[in-house]
Amino acid sequence: AEITVFAAASTRDVLAEAAEIYSESSGDEIRIAPAGSSVLARQIAQGAPADVFVSANPEWMDWLEERDAVDPETRAALFGNRLVLIAHGAGAAGSAELAPGVDIASRLGPEDRLAVALTDAVPAGIYARAALESLGEWEALAPRLAEADNVRAALALVALGEAPLGIVYATDAAAEMRVRVAGTFPEDSHPPIRYVGAVTTAAAEPEAAAAFLRWLGGPQAPDIIARHGFAPLPE
Amino acid sequence: MTLSVDVRKRQGAFQLDVAFEAPDGVTALFGRSGSGKTSLVNAVAGLAAPDNGRVAVQGETLFDARAGHSVPVHARRIGYVFQEARLFPHLDVRRNLLYGRRARGLSGEGALDHVAELLGIAPLLARRPGALSGGEAQRVAIGRALLSEPRLLLMDEPLAALDAPRKNEILPYLERLRAETGLPILYVSHNLSEVARLATHIVVLEEGRVLKSGSAEALLSDPSLVHVMGLREAGAVLTAEVAGHEADGLTELRISGGRLYLPRIDAAEGARLRVRILAQDVIVATERPENISALNVLPATVRAIRRGEGPGVIAQLQVGEDAILARITQRSAETLALSEGTACFAVMKSVAVSPTDVSQGLRREA
Amino acid sequence: METLGPEAWQAVRLSLKVAFWATLAAMPLGIAVAYLLARVRFPGRGLLNGLVHLPLILPPVVTGYLLLLGFGRQGPIGAALHELFGITLAFRWTGAALAAGIMAFPLLVRAIRLAIEAVDPKLEEAAATLGASRMRVFATVTLPLILPGVIAGAILAFAKAMGEFGATITFVSNIPGETQTIPSAIYAFLQVPGGEGAAMTLVVISLAIAMAALFLSEWLARRVAARVAGR
Amino acid sequence: METLGPEAWQAVRLSLKVAFWATLAAMPLGIAVAYLLARVRFPGRGLLNGLVHLPLILPPVVTGYLLLLGFGRQGPIGAALHELFGITLAFRWTGAALAAGIMAFPLLVRAIRLAIEAVDPKLEEAAATLGASRMRVFATVTLPLILPGVIAGAILAFAKAMGEFGATITFVSNIPGETQTIPSAIYAFLQVPGGEGAAMTLVVISLAIAMAALFLSEWLARRVAARVAGR
Amino acid sequence: MTLSVDVRKRQGAFQLDVAFEAPDGVTALFGRSGSGKTSLVNAVAGLAAPDNGRVAVQGETLFDARAGHSVPVHARRIGYVFQEARLFPHLDVRRNLLYGRRARGLSGEGALDHVAELLGIAPLLARRPGALSGGEAQRVAIGRALLSEPRLLLMDEPLAALDAPRKNEILPYLERLRAETGLPILYVSHNLSEVARLATHIVVLEEGRVLKSGSAEALLSDPSLVHVMGLREAGAVLTAEVAGHEADGLTELRISGGRLYLPRIDAAEGARLRVRILAQDVIVATERPENISALNVLPATVRAIRRGEGPGVIAQLQVGEDAILARITQRSAETLALSEGTACFAVMKSVAVSPTDVSQGLRREA
């Protein structure tokens, strides 16, 4: 069967590699259509020819569920991610967890800004805001943010040195040589970062689609997931 | 009536208010710069809608403000030679010429060759308009309008850009056109000798109104129009009949007051035609001059002496049933003691009444 | 520069196809609308002008979203097209062409409109006196004279269509081989760690195509302009 | 339509400011470049033409990224501007204006260029025979005659600048009151479930502004064209 | 020499290859449509670079192909009245007129009022060019060029669009301009009576080459140029001196062969001027005619009889030291038995030699 996966853009590579391996065993053809979760969700609601939706946050999946556009039975959390504070310049990763009182603002020069994704729109930004709030940093930093339209753009700001610091996913930080991790936000400082998948109600071959999703949650996947820097979920 | 016009149109401070009827043949629109000639011609062509009035050609109403009726430009079948050539820059001369024929579904080549030959544009057929001189472009424009086979031709100073020899080549063609096809023409010109040669009817405009309208004969002989036409152009137009062609190349014409000898005219014996005699070309003598090169000496009677400004006077002479004007000096008038009733002779050279001022193929009253 | 995978090449081919058809299909309508705007006074002229310019003014995402609402499978127009003619635009390359065409439309119309306005109405008048109907005048005088403008506009529209991203991805998503054009592929590369190299290669390719188109446009337009100017 | 919070209104005001200055600043350069392209033959003309069109052809994000590379704090131009003149563009509304101006530039140049090409060189020749230098001819004949084109181009550029999103947010990100323009705000609203209402309100506002601009442009251009045509 | 031209330029199939020197005063460029007049004038103005050659005005080299030297158009100080008006559509008439003055930093109003008055465009000053008629526009264009105070004026058929009365109003102004300011003018025209009236020097072009170049007197009397000028324009130009003004409005002129009486000429006693007498206005008589209105009867001797086509002949008459041409019929020539050496009289009306053909303010040889 041919399965079309509407995937949050950040998950394209991990899903593509997983799909390649899965295709060999199952014989199913898998096409990945990467875009922002919000765009994809709306398209699915409008009857897009997607068999599977992988969202970067649960909200858009909820939104589709309300519209009966995905099958709740098939919904599953696929993997997670960590939120990290990054700094411009290469260097050893300081993987220390950030704690309340860390005073990120003090590490910014007077003109400097902290790069994040849109804090009230894009998942990475929403998580960042939650984390900063729970660490008591939000008040000080809110006026000092440079909010990008997606997390990759925030990463680019730090990589180019336009912003000395930024908050991105661990997956992004790992692959960018021009930034180093300056600290990791505690898992409980923000809602859990979950990439969730489900089969759409319009899927041409819901069985095959569900099988692929199950495989992603199964025992072969964690290796691939970890290789791309995502966090496999505990069973 | 071929063309019946009655239009009013306001343009800025200028008010056009013109009504006239034009018979078959060539009607000249004459008037000073800014008198409204182009505006009027545009209204006839349908390029500018009058505020008010009516335009009809050969009985068909083309425009009627009251009836809200207006035939679209392209359906009027009115050819227009503009003051500027307005050739299509993207088409070569040949295709410019054939444009109207194609639009009207007429077949082309024969007519094209004929017209191109006559207008001297045959060598230009493959050129683009950008590579033509001013006069060449205007000739192409004339050809283009002719070839569209209109039922009325509007010409807005079509020959102004042409040199005299070229003018003299084209004028006979326009004359022949008028004679052969009877194509009625509304002809705007400043050039009275052109007008005299072509026009059967003249409409004189002044400040947007018709100052005078009538047969060419009447208007060209009208001393009251001298201020519009210019002193040098004052004269008379006579109707003549071809009496015979002589061996030495002269043509004998019969007029009411005698005979006129002119350089050969291409018209059959018995043909009626019009002759224009400029006032300044007429000499008045009180005895018949002998041994003189002027061949035309006609007995006349002074009807009136009009004094103008300056040292000249206009003597109106009765020659048979016709009136001839002679522009002479006051001194001569006194020396010769000319006054109303004086018997005298009107002396004219043959060549002064040259073919330019001979209008051929005069139609019997339309 | 990195060598590109087959998906990327697919995106290049698709982009060319989408941009070509978008431009071609937009042309007659573009000429008609430009003519209306340039030469006809009618009520709603301002509105039509505004409508044509919308895609230029709106953020492309909004245009894409509106297209999705209107021409999607569930959208009123999309559904009707499907019902009546069996035409599906949503999530097909035809939809990508629609999005690209709509985004490029204002550029096309403007270029043609300016060209029309530059045509001396006196020439059109002259043609009318020679017996040419309005349609014929347009076809034999106006159109040839605006050809340089039309060509320039078309190639600009083509270039724009090649570069269109926001409306396309929002309307027809980013399905490899069907709707994934060069810009969508660039986006996809940029969204994952380590994709910058491939993205840059695609940028260079699309630049090369667009530049070639622009040079062609200049050259063609100059040739045609010379012909049209009667030189 | 939803009522908008103060942030949204701030975005509206900011957008107007950004678009206004972007257009104003782009104008002289746009006229100069258009004149060069229209009337001067020089080597590199094709290249300049291509360069001007780049923002139209590239996905806006790429343009934004290139701006960041060049005009960011660390970018060679950005650093130099900061060193020499104390001008900072990064994360400032001035940077947003730069991005908007660059995205609108090709539209401006095209409109002006077409207008210049429509000016009869015979008039410029006539002016030269009357003693006017090339500069003077431009200022007293060419410029007044292209005014309708310049106005139309400027207002189009303004509208485009109002709608610019991708390059702006990539270059100067989204700082409320500083760089958050209407399109950024719309984008943000569209990213979250249920944000469509607020987004649509902003769309309507920006539409209203753009339409007003277009109407103004048509009206102005027509008036000026009539004056310029000597009627 | 005021203007020295030696240019070669290829345009498509047309090759311009012209060299001449023009003295002060008005030099007329005469030639058929397409003979290269506009092309030549453009080369002088600097609007089209010749392939080869040299152009100099008042000793200053404006163009020299070999030296790679070319003064830019705006620095040449050469006024140009184009074949089409080329008014600036965005400026009103006043600002069109002042354009050149502003560009050259000259103050304006006085000169403007003067010129506007003379050209009859004072009522149009606030108008836009779009609201002018063809002739009005051309008058403004003339004024605009004059007001820029050029050192050489190029005029490409500037009066073609004007009606006769307007022409006759403007011509004296151009004459006065020539007389008062000595502004040299290169004047393109098809109209020989304009040329005769204005030109001190004539250059005749034919197919891109100089057919003949020389003083107006010589060329206008040259029977070999009749084919270019047209038969009707053949004639002679004589130099005359004002002998006195008489009470009845006539002016007496002294020429080598006697006296001529003309309608009053506005020139001081003793002034030298030029008189053009058209061949067709001259009557030949073998005995002195009496009681005739023609005031000018001069004893003459037949020098030659030239036969052309048609029934006419041109008789070249010796009148004092001058040659006069008379166009008469062959029949008259035979009747009068005219042959070389025949003593006769040349008879001319005063008004036939009207002011149009009188050139005033003749400069002593330049």
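Letters A, B, C, D and E mark the chains in the order given here, with residues in each chain numbered from 1 onward.
By definition in this document, a contact is a pair of C-beta atoms (placed from the backbone, for glycine too) under 8 Å apart; a residue touches a chain by one contact, two chains touch by 3 or more.
Here the structure is a predicted model, which is why all the values come from computation and not from measurement.
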*If you check the contacts of chain C and chain D, which chains show up for both?*
A
*Find out how few touching-chain steps suffice to connect chain B with chain D.*
2
*By CA centroid distance, what chain is farthest from chain C?*
E
_Using C-alpha centres only, name the chain that sits farthest from chain B._
A
*Once you find the CA centre of chain C and the CA centre of chain E, what distance in Å lies between them?*
60
*List the centre-to-centre spacing of chain A and chain E in whole Å, with centres computed as mean CA coordinates.*
90
*Mean-CA-position distance for chain C and chain A (Å)*: 35
*What is the distance in Å between the mean C-alpha positions of chain B and chain C?*
57
*For chain D, jot down the residues that touch at least 2 other chains.*
61, 166, 187, 190
*List, in ascending order, every residue of chain A touching at least 2 other chains.*
none
_Which positions in chain E are in touch with at least two other chains?_
84, 131
*Of all possible chain pairs, which ones touch?*
A-C, A-D, B-C, B-E, C-D, D-E
_Show me the residue ranges of chain A that touch chain D in the complex, using the header's touch definition._
36, 38, 41, 59-60, 62-63, 111, 113, 115, 118, 120-122, 145-149, 153, 156-157, 160-162
*Spell out the residues on chain B that touch chain C in their complex, using ranges where they run on.*
45-47, 72-80, 82, 84, 86-91, 99-100, 103-104, 128-131, 144-145, 148
_chain E residues touching chain B - in the complex, by the definition given at the top_ = 11-12, 31-34, 38, 83-84, 127, 131-136, 139, 157, 160-166, 168, 190-192, 227-233, 248-250, 261, 263-264, 280-281, 283-287, 289-295, 310-312, 326-334, 336, 347, 349-352, 354, 356
*Which positions of chain C touch chain A when the two form their complex?*
65, 68-69, 72-75, 90-91, 169-170, 173-177, 179-180, 184, 187-188, 190-195
_Complex interface listing, chain C residues touching chain D_ = 46, 49-50, 53-54, 56-62, 65, 107, 110-111, 114-115, 117-118, 149, 156, 159-160, 162-163, 165-166, 183, 186-187, 190, 203, 206-207, 210-211, 214-215, 218, 225
